[in-house]
Amino acid sequence: MSTLIDILLLSLMGITALAAVRMKSLFGAVMLTGIFSLLSALWFLILDAVDVSFTEAAVGAGISTVLMLGTLSLTKSEEKTSNHSQIIPLFVVFVTGGVLIYGTLDMPDFADPLAPIHTHVAPHYIEKSGAEIGVPNIVTSVLASYRGFDTLGEVTVIFTAGVGVLLLLGIGRRREDGDE
Amino acid sequence: MMFFVTVIALFPAMFLALGRAIVGPTLYDRVLAVNSFGTFTVLMIAVLGFMTDQTDFVDIALTYALINFIGTIAVLKFFVVGDFGYEEQRDQ
Amino acid sequence: MINFLSWVLLLSGCFCVLISAIGLIRMPDLFTRMHAAGVGDTLGAILVIAGLMLQAGPTLLLAKLVLIMFFLLFTGPTACHALAKAALAGGEKPLLDDNNQ
Amino acid sequence: MPPLSAIVKPTTTNHQGILTISTGPTSDNRWLHAISLALTMAVIWFLLSGHTEPLILGLGAASILSITWLALRMDLIDREGHPIHLTFRAPMFWVWLGWEIVKSNLQVMKIILYPKLPISPRMFRVPVSQKTDIGRVLYANSITLTPGTISLRVNEHDIEVHALTQAGEDGLKDGKMDRLVTNVEGEQ
């Protein structure tokens, strides 16, 4: 029954992706990627990855669309037709895709209850994290407590990157000069 | 069963809205289509949550409703403030 | 009984959403399309969410559904108005009937 | 309890159409708005989380207090930002508006389904009788909420409306919605 939903959703995603690639107006392509990330968030929901879908909604549909538009306002909004040969890129894409598919062959089946990830630490987190940490959301307790130092490092990296970008763009300096 | 039928019945609408987003012709048509598509997605998430008995989904539908709005406003703000070359935008 | 009502609400909501999408395709220009999109954003959303509310029963879930409905009803027209204003500012001319302008 | 309009001092609109709040003795009313904002947020927080553990409740309370403090600091709390005075008059209007939404939706749906698409789009202006920005916003939003009419541009005296049919234009021009919104706004 839910196979029908999967098929419909995936075909929507396929149409969106193809249309985004074929579209000449870059603005239209940005709008289509917005739709695509809405759809992929729906898809994550169907796969039960609620937190990923949440992130996809906020980052994919929200921020990245705005960032792309910001980029477009600085550049041209029409795609330039390329006169390169398209055979080599196609070859690269196919080889990469083939390698990736080959890589998935070794992975445990989807939703296999005997897969290592479901037999080692996951049951512990699911059963004990409420009592050990006291945070209702398991993902939050993993991110903020079990691997808190890792998250701290990540946040530091992102913060540094943000500060670097701000320094490069010189946003702070302009305000000092008062010519904003 | 009820929710399954609803989800399936929402799909044609999403296909049509996607069609409008692809055809255009103006960028505002696309924004309108994306906005409608977002509303349909919100409804579909809520119904999907009921279908699979995971009512957490409703929280996500709520967030989506807000993100959809903020995204639309942000995009339109860019149109009015930033320069996108309005004449060049038409596809055909 | 409640199930039957839910069925009716959900199906009529889907019908509204579908018609709104058809209108999105059929209407001749941006501004008339916005009217069509309004059908799905208002009545379609209200009916579908009302159908879900009947299934939720008196729980926190109901409150969340009410919140979703309110957000949709408050943000919908604002987004629509912003779109119309941006389109007019961007030089978009609405298609008007000849014999009354 | 005195009527709310007696507690809340009326606002004035200056010649540029920017809403200004009369300062001075209105600081009580600012606190009233801050408290109502915090209460609203607390209700929404509880509805969304549904948790009652002390730790989580404390975190929620802390975030609500800090947001209220920020809003006070940023001077976001005023009549416009959190219009409690509307809350008490609105329900009847909403019922009426809901019925209007259903009616106009059915009309637009009928139009969409007609094979010949009998539309005659038109633009016109309707006068507004609301005194405050928020009243005009309420009116413009109500116009847009009923499909078949969209408010395009709003200024102090009128709203530019795009309507799908003659019937939509007539329905708006009889001024019933305008009267009801002004009544909800209750500003005299």
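Lettered A, B, C and D in written order, each chain numbered from 1.
The rule is simple: a contact is a pair of C-beta atoms (placed from the backbone, for glycine too) under 8 Å apart; a residue touches a chain by one contact, two chains touch by 3 or more.
Bear in mind that the values here come from a model prediction, so they are computed numbers and not experimental data.
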#### Entry: Partner chains shared by chain B and chain D (touch criterion as defined above)
A, C
### Query
More contacting C-beta pairs: A-D or A-B?
A-B
### Query
Whose Cα centre is nearest the centre of all Cα atoms in view?
B
### Message
Averaging over Cα atoms per chain, report the distance between chain C and chain D in Å.
### Response
18
### Task
Averaging only over C-alpha atoms, locate the centres of chain A and chain C and give their separation in whole Å.
29
### Task
Go ahead and note the Å separation of the Cα centroids belonging to chain A and chain D.
36
### Junction residues of chain D, two or more chains touched
48
### Query
Residue numbers in chain C touching 2 or more other chains?
20, 22, 34, 64, 67, 76, 78, 85
### Summary
By the touch definition above, chain A meets two or more other chains at residues none
### Message
Thinking of each chain as a vertex joined to the chains it touches, would you call that graph a line, ring, star, complete, or other?
### Response
ring
### Task
Provide the full list of chain pairs in touch.
A-B, A-D, B-C, C-D
### Summary
Touching chain A in the complex, chain D uses residues 51, 53, 55-56
### Message
For the complex, give me every residue of chain B touching chain C.
### Response
2-3, 5-6, 9-10, 12-17, 19-20, 26, 28-29, 31-33, 35-36, 39-40, 42-43, 46-47, 50, 55, 58-59, 61-62, 65-66, 68-69, 72-73, 76, 79-80, 86
### Task
Note which residues of chain B are touching chain A in the complex, please.
4, 7-8, 11, 14-15, 18, 21-22, 24, 27, 30-31, 33-34, 37-38, 41, 44-45, 48, 54, 56-57, 60, 63-64, 67-68, 70-71, 74-75, 78, 82-85, 88-89, 91
### Query
Touching chain D in the complex: which residues of chain C?
16, 19-20, 22-23, 26-29, 31-32, 34-36, 38-39, 42-43, 46, 60, 63-64, 67, 73-74, 76-78, 80-81, 84-85, 88, 94-97, 100-101
### Message
Applying the document's contact rule, which stretches of chain A touch chain B when the two form their complex?
### Response
1-2, 4-5, 8-9, 12, 15-16, 19, 23-25, 27-28, 31-32, 34-35, 38-39, 41-42, 45-46, 48, 50, 53-54, 57-58, 61-62, 65-66, 69-70, 72-73, 76-78
